[in-house]
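We just call them A, B, C, D, E, F, G and H in the order they show up, numbering each chain from 1.
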Amino acid sequence: MNAEAIRDLFIQVKDGTVSPDDAVQQLRHLPFEDLGFAKVDHHRVLRAGMPEVIFGQGKTPDHLGEIFSRLAQHGRNILATRASQEQYEAVKSRVGAAEYKELARAIVLQQDGKIYGKGRVVVVSAGTSDIPVAEEALVTAQIMGNDVQHVYDVGVAGIHRLLANRDALTGARVVIVVAGMEGALPSVVGGLVGVPVIAVPTSVGYGAAFQGLAALLGMLNSCASNVTVVNIDNGFGAGYVASIINRL
Amino acid sequence: MNAEAIRDLFIQVKDGTVSPDDAVQQLRHLPFEDLGFAKVDHHRVLRAGMPEVIFGQGKTPDHLGEIFSRLAQHGRNILATRASQEQYEAVKSRVGAAEYKELARAIVLQQDGKIYGKGRVVVVSAGTSDIPVAEEALVTAQIMGNDVQHVYDVGVAGIHRLLANRDALTGARVVIVVAGMEGALPSVVGGLVGVPVIAVPTSVGYGAAFQGLAALLGMLNSCASNVTVVNIDNGFGAGYVASIINRL
Amino acid sequence: MNAEAIRDLFIQVKDGTVSPDDAVQQLRHLPFEDLGFAKVDHHRVLRAGMPEVIFGQGKTPDHLGEIFSRLAQHGRNILATRASQEQYEAVKSRVGAAEYKELARAIVLQQDGKIYGKGRVVVVSAGTSDIPVAEEALVTAQIMGNDVQHVYDVGVAGIHRLLANRDALTGARVVIVVAGMEGALPSVVGGLVGVPVIAVPTSVGYGAAFQGLAALLGMLNSCASNVTVVNIDNGFGAGYVASIINRL
Amino acid sequence: MNAEAIRDLFIQVKDGTVSPDDAVQQLRHLPFEDLGFAKVDHHRVLRAGMPEVIFGQGKTPDHLGEIFSRLAQHGRNILATRASQEQYEAVKSRVGAAEYKELARAIVLQQDGKIYGKGRVVVVSAGTSDIPVAEEALVTAQIMGNDVQHVYDVGVAGIHRLLANRDALTGARVVIVVAGMEGALPSVVGGLVGVPVIAVPTSVGYGAAFQGLAALLGMLNSCASNVTVVNIDNGFGAGYVASIINRL
Amino acid sequence: MNAEAIRDLFIQVKDGTVSPDDAVQQLRHLPFEDLGFAKVDHHRVLRAGMPEVIFGQGKTPDHLGEIFSRLAQHGRNILATRASQEQYEAVKSRVGAAEYKELARAIVLQQDGKIYGKGRVVVVSAGTSDIPVAEEALVTAQIMGNDVQHVYDVGVAGIHRLLANRDALTGARVVIVVAGMEGALPSVVGGLVGVPVIAVPTSVGYGAAFQGLAALLGMLNSCASNVTVVNIDNGFGAGYVASIINRL
Amino acid sequence: MNAEAIRDLFIQVKDGTVSPDDAVQQLRHLPFEDLGFAKVDHHRVLRAGMPEVIFGQGKTPDHLGEIFSRLAQHGRNILATRASQEQYEAVKSRVGAAEYKELARAIVLQQDGKIYGKGRVVVVSAGTSDIPVAEEALVTAQIMGNDVQHVYDVGVAGIHRLLANRDALTGARVVIVVAGMEGALPSVVGGLVGVPVIAVPTSVGYGAAFQGLAALLGMLNSCASNVTVVNIDNGFGAGYVASIINRL
Amino acid sequence: MNAEAIRDLFIQVKDGTVSPDDAVQQLRHLPFEDLGFAKVDHHRVLRAGMPEVIFGQGKTPDHLGEIFSRLAQHGRNILATRASQEQYEAVKSRVGAAEYKELARAIVLQQDGKIYGKGRVVVVSAGTSDIPVAEEALVTAQIMGNDVQHVYDVGVAGIHRLLANRDALTGARVVIVVAGMEGALPSVVGGLVGVPVIAVPTSVGYGAAFQGLAALLGMLNSCASNVTVVNIDNGFGAGYVASIINRL
Amino acid sequence: MNAEAIRDLFIQVKDGTVSPDDAVQQLRHLPFEDLGFAKVDHHRVLRAGMPEVIFGQGKTPDHLGEIFSRLAQHGRNILATRASQEQYEAVKSRVGAAEYKELARAIVLQQDGKIYGKGRVVVVSAGTSDIPVAEEALVTAQIMGNDVQHVYDVGVAGIHRLLANRDALTGARVVIVVAGMEGALPSVVGGLVGVPVIAVPTSVGYGAAFQGLAALLGMLNSCASNVTVVNIDNGFGAGYVASIINRL
């Protein structure tokens, strides 16, 4: 469309209805985004099936409901993270098909059920308190069109529970590992698989856990070379980047 | 081989030369690694073409030379990171084909020239001081069988230099972004591409850079959702994980 | 007035009603502030049009109302920052012309509408959550007699939205950039303009944002040389110093 | 020049030597920077008299000498910061007019002696150990075309030495305050003047000074509203931004 | 049981009902945990008398009540830490014999009264505010079958109160020392006894106590060589490890 | 008394009613505190007029009331710090003469009105938000028998207000300086007086004030050599140590 | 000996050569340590076989040689930690039987070969760079009379190497685990054994390892309850406390 | 002298040689310091016997020698802290009576031997590595005219060595306590004496000592109320403030 606009301008110049100097002026004043021929958006084709995402925390139920229902009209999947039951109700009354994923504290609307990921995204978590973050990652990967699986409560102090789930790990194309406290799980999982591991530190713990700092530092220093890290409690980010990788 | 050992045991039981009870005992005392049929290593097939890696820092030239030449005999590629010119000479005298990548402070031996990566790994860096880390990432990706490209000196305070390199960015299957100081570059790059971005904070800077902490925190808080982070100055880790992703 | 007092003293000495020694004694005991002729206040002339400022947080509505109405009698503009709706009502009942700037959480009373700033102060912010701090900066600059403009929601991960607003940036004599999370925006804006950029980190974010520390460090390490920094969430300070600069 | 290129393209289209479609293609492939008519550089006019700046630290004398002499050919002022005597000699042998500012650890070449600043930039520092950073700020402001003055060794524990220099302070259009240890000086100076104060924390001190962190935090929390802060030991940045302000 | 399963497999092979190759396959697919003969659990014999432990914080009373009553059926001792009065009531209604240790904020059910520890565990604490953590350690050691004693309110600023309790200290086989603020007590106690000292920093204090960081660092730097440290406020961990040691 | 007990023992030995060996045994079993002749308490004489102190925070009104009334029976002054209005009422109903110092959040009972301090303790504070901590210091010094004076709201950004109070400062034998934010005031005051300055950082401020850390570091790095520091918000500690010094 | 001194005093009183009052005086002036009958040293019996320990770092070779040879005369074992080859030579020339443990950077003199520990102390370490600290722990435990074993290079990213050493772990009465980087190994080992685990963080790593802080925090937050922690790089402390435990 | 100047002015006014208005003008332009009658320096009388102090670190021997010899001419005591043997030699060649206090790393010149302190300053230190800082405090107190005593190597893990020195402690009018590592000694000493205790944290220690941070935090959180704190390794500051107190 925009390339059209530029082409029209050239045609007007060719036709003599616009002088070259005026054309330069017109070009100068077009907002950048409207130039259209900017190559930067060529990757947009990769974005098919990407959900619209709303950060729910801090928004009034009404406000969230409004945004959600407006976005729902484009036919894409919608994901509202860090959303409360109360916010869900405000959404539900507007968009009947919206679901509340309680564990993940997420509201989702699935309008596009296509699978875009080429393999499976497996989400592993250490303790039961890490589950909300793990579920946020899982729900994110799901709504972005991935086959997902979870392996929960396999902390490193009970290494056999983790080893008993090797089949699940081996079946993954991307692994997300969610852990608080000492954040050791990604290193162990990283050593067990040959695929990328996205590590998510959680703020679970107390005292010297320093709201997730201990887990974060542990993960950044992982001795497994296939581990990269996202922000503390950022289950959404992990699910998102895992989905991006799984589409490659 | 190990599966063979187990199979032999079963045959001995079948033949009656070993009783079932003794077989259980024998099985019990086999070291785990020798069980062989452990599924955990099924992903090893993904490891074809993986280089042997040596962390050069702190090793005497002689020691490094010995390790390097011993590993060279297996026919795989070899990468020694954080290596000095002096260490290189100790290697060179033993393994004539070894090369020194001065900018990357790395010694490499390429015995397997096959391309394993499905696309291109692009390494972007902010300032000239970030180049050693960027080169470490680049050399790592290269020795692991990837088509690589670099885009250097495109810091965010001169956004047009970065935008002028959009073609390079758009051609990437995985992007590595290396930056010190405020570590803002991954966010901008993350917004320009649709593929995974591995962010590497560097210890470049002074004062409130706190040896890379500022850049690290900046990258962990990136507002671009396709960014994950590795440790400060960990060019190798970024190159490694980018390679893993690029093989998927 | 005070110079008068001193002059009177000299006259009394001249008249012989006070001896030189007694005069020295009297001078010694005058409180410094009353000397009046202290040069340190020569810059006060620059202060014409400066508002009276009240830090609202932690004050009872009644207390704030009292302070506000007392100050209002001097005919100057008044600004109460970090003020609640409830505090506003206590003010409103006493000073009918006071307005509540909800987004900025500020109460203002404009009694002097003169424009003191020589150019325009432009306030740029990264995300919607940064708006309260940005608005505090904007309202502060406004009440201090500046032509202001805002450019919101132009985070670095969507660099084109920012570039599409270059006209606004180019029209600024001073730019205030407000950003949380990785705090990268001031560097990019700093590279796009040739005027001073006041960077305001916000406590927006979670996890490794550490209540604004990540943004603060990022801004202090900005690779753009025209950037200076104020405290986390200090929208008022940014608006104030921008106004001071804009009067030069 | 670039606008010319675009204009030529339009003329070629008008002349029929290039078809509109081909013109769109050509436009698409021009690197952004070459578009020329991008408004973002309109502020470049403000940059007249801006020196070329080289960060000397970590560069070999020869390398620095080469860069310096190449830049010297454009007729602009040159400033190499954090430069050693040895680096200076390598510069001197190539560019005879280069001077070494020993206290500031800076090499300067003044080819443009015009005064661009509208007022005076005054640099105030707390202790004798802060002088190298203060001098870097001073030399930077000087080479950028400002009338400068320094007021040194006026730490807050001897408030009378500072007050005795009020005349100097009052004569400033912009003040730079350099201080290590507790970093209290900018607050006091900020209270004495009505103009912008750029605070530079230094790494001077020991123990709980934490390499400038104490001074940095002190300055960020300044109770004087006209204070903004740059990175620890960033004398150059302070001199730069003060110059930008002084040209307004 | 699992060893039985393996043995059965060998018997089937011996009998010819399963071929050696099929047996290898079957073995391969047994989940690790079911192998049974894994030596890693030989130490389980040391676990006789170990209580089931529930981390109460964050669980609804009902949820905690359910877990508690289900675990109670195995006849072992049960310990719920960080539990409220309200949670206790939910437990009490299901398990009448459960007791609430108010100071320790713990719910306990003692079904096994045997003493497993070979000596006495003495819990020492510095201030009255440290008592909840100290009591958690004490109750943990008690429910794990230890003879326990407490020595409270013997902070280092009143060294004579501590020295007056030397008899209690000398009678200990393991000492737990609980202290907030400067965390100095473990060093002094460590110098007075020849047995292991488990130090527990508490979050008691304000300001530069930084929620227990000061105490933690103090204890990690103890000049007494028989001191080891657990996490801030981790009374349970100290009681647990003291019990483990006391059984040796 | 205890010396008596020892003397009796010697007399019994002299009399032959106790053998030397039995005497050694008896001595061995006397608790240390009862030895009585321990010199460590000789300084207790300095403690005449010392108040009994209760840390109110976290205590129930009833509990505080009980402690207060029990201590009140010994005839000494009583000070309960960090006490609420509600706690005061519980005290008042038991001890009618108790007073509530609202600004200081302290309950005091003055039963000993003697002045023990040899000079005056002056309490200086920077901002109005620092007053609660300053008042706690003031009330503590008062109840410990000192002539006290306060100089409030003399922050360093308005240096003339401080200088206008030089008479008060010069009249002090010990000065307490209370400041939040950048904590610069003790350095300035320290330079103006020749007596000891006790600096109290407060948690006043936001953002990079980090709950008093900025002020604390500033004070520890004071360039005035007569400054020592107590914990953040520790007004009581400052008042206490000032009183100890003032009795010397 | 000291009890003798007291006994002599009683005898002198009995004999009438010293009056009871003079005896009280004499007792009062005896230094505490010489009282001898103080119960605090009853635990000294546990100290048989304890080595004399010298912290070598920072001492001149001569100085260390002197201390070492003087202590050697008491017939006890001697351990000098953090000692260089050069220091060893100064010791060797004086004490011919002294040995240098190069990996552990320790000088030892074994004069008492008795085994005091009741079981085996096993030292586990993660990477080859952790070996110096691990060896310091091992040599300490050895010289304190323990049967020791080491299991090295079993980092968590290669969990099978660790599991292959379960026999060694199961044979331990106390386990010391030494690890840098993410410090995850103690949690895994803690889950595999039922005995106390002493965790030693090392300063191995770079970037976000922050000189051992990451490992330290990881270990303090271990999800295995039998883990306690000592200071970063404190191999000696771990060996010491393990020995104390192993004697119980 | 300055009061004279003012008096002269009044006399000139009285004489009619200067008009009142001109006098006001003249007064206005006198630098503040020259006003002379400023009361702020009344406390200077307390400064008799105060030494001139030079911070030696970072100064060339020649530079230090020059400063030292120039100051020596005023007849006051001189103290150069953090001075090397080499610097001393440069001083010695100019000022023959200067002495080098090797342990304290200080150069002193005693020209005024008067005792200004009313009691004794006792310096207590924990370990042998703390002695340089302790000696700096001691030498400072000595050169400022105090009777001093030291009690070294009395760390809290051997509490009896400290208690054996109670006489020394009891004889102090001011106590300085110097300690690294956990910094617990000031709390214990503070509980044993009734006089002010100045605590000096040292950077002695490793790992989690964080260059004195652990000791600093410990001391700031001291449970003994008579403790105040100076900067890490600031022996001079402690000696200075102790002297100020001891003169009261």
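By definition in this document, a contact is a pair of C-beta atoms (placed from the backbone, for glycine too) under 8 Å apart; a residue touches a chain by one contact, two chains touch by 3 or more.
Because the structure is predicted, anything quoted here is derived from the model rather than measured.
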Chain labels contacting chain B and also chain F: C, D, E, G
Contacts common to chain C and chain E (chain labels): A, B, F, H
Interface residue overlap between copies chain E and chain G, same or different (over half shared): same
F-H or B-E, whichever has more C-beta pairs in contact: F-H
Rotational angle, Cα trace of chain D fitted to chain F, multiple of 5°: 180
Centroid comparison with chain D (C-alpha atoms), farthest chain: E
Rounded Å distance between chain B and chain D, as computed from the means of their C-alpha atoms: 39
Centroid distance [mean C-alpha coordinates] between chain D and chain C, Å: 25
Approximate Å spacing (C-alpha centroids) for the pair chain B, chain H: 55
Chain B, residues touching no fewer than two other chains: 38-40, 163, 166, 192, 207-209, 213, 216, 220-221, 231-232
Chain-chain contacts as defined at top: A-B, A-C, A-D, A-E, A-G, B-C, B-D, B-E, B-G, C-D, C-F, C-H, D-F, D-H, E-F, E-G, E-H, F-G, F-H, G-H
Residue ranges of chain C in contact with chain H within the complex: 3, 6-7, 10-11, 13-14, 16, 19-21, 23-24, 27-28, 37, 39
Footprint of chain G on chain B - complex, ascending: 31-33, 38, 40, 58, 201, 203, 211-213, 216, 231-234
Interface residues, chain H side, partner chain F - complex: 38-40, 42-47, 53, 118-119, 163, 166-167, 169-170, 173-174, 192-196, 198, 216, 220-221, 225-232, 236-237, 240-241, 244-246, 248
Parts of chain G lying in touch with chain A, wherever the complex brings them together: 126-127, 155-159, 163, 181-184, 187-188, 190-192, 205, 207-210, 213-215, 217-224
Chain B residues touching chain D - in the complex, by the definition given at the top: 129, 160-161, 163-164, 166, 206-209
